[in-house]
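Chain lettering (A, B, C, D, E and F) follows the sequence in which the chains are written, and residue indices restart at 1 in each chain.
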């Protein structure tokens, strides 16, 4: 056990005691997001789309870079979406250098899943030449400060960044980044909501201590029309079917609020 | 899920494989198949073939991973190079890393880890042949392998996916259904209590469709659980009877 | 020293004492194979060729996948053979994750050597378009339970798998795996025999303890016509020239028996 | 430097950006921007955007790296994938490894490492957006972040590059100047004493041109230093005044 | 701290005491190179250009291999230069296996910088087909014995090797190494000089103890015409501007001597 | 071996290099060529150039590799990037890993490892220029380097390959013979006893051809051994005589 884990464990009794009464360590309501601040086009000089987003003390940047490449053999007439999450030690003493941790991989994959499965990107419009050449949409989440709930924060930043992304001009096999051929073709705006189950209560948008000390976490992502597009349960605890149904309902509702407020 | 949904997967209420919407594929479970492992299980599920091995509990290594309050659960899901149509390069990838993480967490709910402070329990599952639903097959086999290893658990866990094809919610998608389907919901539950210990979803489902899918996956898991129990009984009753 | 090594070393005196009288720990004769069980086409759903093989408690699968690629520049008119051996911790507490160990690499290379040098595969018939595109025959040995002698077991499984391998149809630059254009062109059936030198006696088909505690190991591989195609000496001991000559003779004889019985 | 020097970069004594030869780009410095780090600094320098975080001093790990006489300075320069025109693969490369090595050495001159035997001080700098001169921007930010972390230093260090474009020596090359220029001389100094703690050069310079470039880089560094000090004052006076 | 570091540190007092009087541990003058011995074309059988060089007890080989590849997109009409430095444990107990250390990377990059920035290679003449195919000049420095100052030794060996490099014939997309189409097109001969600052004195060509115990190091590289092409300061110490000016002057002078004597 | 055997490699009983079937290429051995190593050896064998260095015995690291009964033999065979026609990427590959494993095992037969419990002996061999037969050249050089390091051994080991070209068994294949030959049998022996400590074979040989090849390789190894001994004598007699 690392020292940091031991220190974290010391906070568990208080967190669970508060939760018994439905209360959270930072005083929020169970279904309340932390304050969200968005800097659009934060990386306007080098990225095709970008967004810096703060959710409480969680601080990150989503950057979109467009490159070209050959399509996957089984989808010769579709562009490609790639999502990565960099969680460097700059952002938390929890993180370390080296290949992406399982936590970073899961974070990136769940963010990717919602964007992909909501069909937010109209990948059929990202073909340059069928079978030969398509746009690859690279979303990179770069964490600056980690205080829990990277999935919701990262996905909202990514969606915001994608909505502002300009496709560079493409001529004679060359990308001309100074000129744009229009916006990225999008057709949905998925929203991710993550709940932490603490002492049988479910808290939306867990901050670091809640995320790490929770029995279980459930991420639910929904589309503009209120359908589900992705889910992920984490942690060693469990959810009852009725509990999941309730959270699905709440997620769809919260998704609408967030979409209205920020997109 | 695929963006290509123009393949007709259900005709006259029957799926391409001849199954009804709520039918599982055939499942065979055989515990205790590997000599070196402390516990093991071979499982066939349709054309899926997986093998699970359990080593431990043993001292957790490297030492800084030791937890004085409980054992570390170390789950590794792996696909053999020849287990898929396009040969897979050996070694872990992002997908298997994610599956390993959430599957190990699911097992941690039922294994009495606090009985083994400073130890680790290794659960290795190799997918030998894949036909959609491998994470459910792997975790179902792992649960039996843990039982075969005599590791104390509050319950087996059982797994099953539900999904949507041709706008219908069905259980246990096979490869063609997974390739051309609209949604997939892999789940793992504690059968008796219906507690959900693994849950993922991708694709497109309304809240109502999801409810149906969740129910079908739970019911499917219970059927899987019966086969798990039957397989363990056969092995251990056999042993008691001196077979 | 790992604990497992210490425990293994404790068995050495008994092994050597028995060997002094020509006896083995499992009661086999010096030139006796353990029971060999073969499941042909064990991976029929996803592999072009496959075989599960048990040699006593050594249990493994050889799978053959055919892919296409460019030939090596120095052999533009030949298909390519690639052999790998995965020895995961599932198969033995001796094994660990990570890049292949020297033991795994040597195992794969010696298996490969016999298949390659016997010219079992008629690589000239594996050309799709000279210089441009050839079949790559990927043999992957996946160990399920390790109890010694992976080379002999792996090579027999690989040869068996190759003999049953169907080449997929290839049309318009696409592999159509559902259809076959015939069997893999083969022209020999190499057999591998491995001997463990224990206290001056040579034991065929060493099980785990024999393999690990032997002074030296000698693998000899022969073709259908009784010629040698590959050899490999392992271990810190030595063999006398006459001893090697005797083992060569025995290997060729055993090879014929195995070939007759299993191929 | 590029072999392509046919782009006219100076017209009528003015550079493409409108700057005079000795003009720096605009610089903004903001200490204390990250919650988890012990010290941090966000810095904009033209279109460069960098962020620095300091963690420590803390016990050096792995243990064999511990030095009983002083702390280990661990500097990591990193570029975000989206920080450059052609997406950069995440992770260290040869260039960032070199920059990290010489930047950490530069800081070691001013940080009182001997006050922290057996400890390590981690300085992480992420380049979020790059516009030439990122190593100078990064190191200038790192120096402020160390101050923000309360790590004792004999001085801040300040950085600035000089270079040659259109056969003229200029200060602080931007991206087009770097792409089409003839020489680049990144430097870091202790402003008060003009001691040079980082110095690299590539391109083509006569000995006299180099002398001029060195002088311009030192003077540029001093200007950077004023902005560093101002930023720290604002933050800490603000704090003292209860803002 | 490694034992070797502790042992090295024990030599520091004597080194610094001597330096106080301008003296060096091996009796050299401050501006004196160790003896340089050059074996030209040491790898004549397999390399297109090569040189073994000893600088005192520092012993290394620079080998040049020419391969072909696509040019970088931003320089479609230029050949490519790649420089690597292998510092294996064979050459010093300071070195270890694995990916190149920061020290090895810096060594290779500083050697590369001088060759590249002096425009020694006329890269425009290394084009086979614009945009499609160019010569890649691979310089590999292989250390045999490390006793300090790998940069000066490695660069001198590399320059010498490049000057002797023959371009293989290239026909029908094939490299024919047995025949040559002439020398590598070169247009300058950069020389690297490295100074170690020890107790305020600057010593040229530091041997191991000087390099490792110095307060700071300064490498200065100059062209045939006496211009600077590359510099690199290492170490935790500092240089005064006037000090650098003096070293620049001395470097240009020394460069001329070395060039005259060895190139 | 190659499938292309249509090149005529023997004419009138002579090989392309002018050698007779039983002739070795010229071999030069020079011990004690590296300053840092505890022992070293430079060896030329035809156009092969290899250099071997020995470090140790020293405490085995990491600690869990220590064996209380004997030293660990750590042999690393490596090819320089420029040592082959097509540049080799630096670092170990599968071939060099295999060669290192069996070469270290071969040396372990003669080095008195049990004299150095808990220690390791590192033997590093770099192939600088390759002309077929590099593993034999490397191991022959390593053996001399161990002697040069003063490491106690029961014997030197000496190496030589035999093979088949143009249907004839010959000794010591060079590059063209290796490329177009039919079989290769690298061996290492204890010269006095003819004990075989390294043996590999690939290609096609009848049992009788193999017998001949083994004999030729042993005889070749003995010639190599004479040159090894001569080289060591020259060095150490020279030293004794005060050269």
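By definition in this document, a residue touches a chain if its C-beta (ideal position, glycine included) is under 8 Å from a C-beta of that chain, and two chains touch if they have at least 3 such contacts.
Bear in mind that the values here come from a model prediction, so they are computed numbers and not experimental data.
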item: Touching both chain A and chain D (chains); value: none
item: Path length in the contact graph (chain D to chain F, fewest steps); value: 2
item: Chains contacting each of chain B and chain C, listed by label; value: none
item: Chain separated most widely from chain D, comparing mean CA positions; value: C
item: Furthest chain, CA centroid comparison against chain A; value: F
item: Approximate Å spacing (C-alpha centroids) for the pair chain B, chain E; value: 57
item: Inter-chain centre distance, chain A versus chain C - centres from mean C-alpha coordinates, in Å; value: 47
item: Rounded Å distance between chain E and chain F, as computed from the means of their C-alpha atoms; value: 32
item: Separation of chain C from chain F, taking each centre as the mean of its C-alpha atoms, in whole Å; value: 26
item: Multi-partner residues of chain B (at least 2 other chains); value: none
item: Chain C, residues touching no fewer than two other chains; value: none
item: Topology of the chain contact graph, where touching chains are joined (line, ring, star, complete, other); value: ring
item: Complete ring sequence of chains beginning with chain A, oriented so that chain B follows; value: A, B, C, F, E, D
item: Residue ranges of chain C touching chain B (in the complex, touch as defined); value: 42-43, 45-47, 50, 57, 59, 61, 63-65, 67, 84, 86, 88-93, 97, 99, 138, 140, 142, 144-147, 177
item: Chain C-facing residues of chain B, complex; value: 34-37, 47, 49, 51, 53, 55, 76, 78, 80-87, 90-92, 122, 124-126, 128-131
item: Residues of chain B touching chain A in the complex; value: 1, 3, 64-68, 94-95, 97-98, 100-102, 105-106, 108-109, 185, 190, 194-207, 210-211, 214-215, 218
item: Residue numbers on chain E that touch chain D, as the complex places them; value: 1-2, 75, 78, 100, 102-103, 105-106, 108-109, 113, 116-119, 123-124, 218, 223, 226-241, 244-245, 248-249, 252
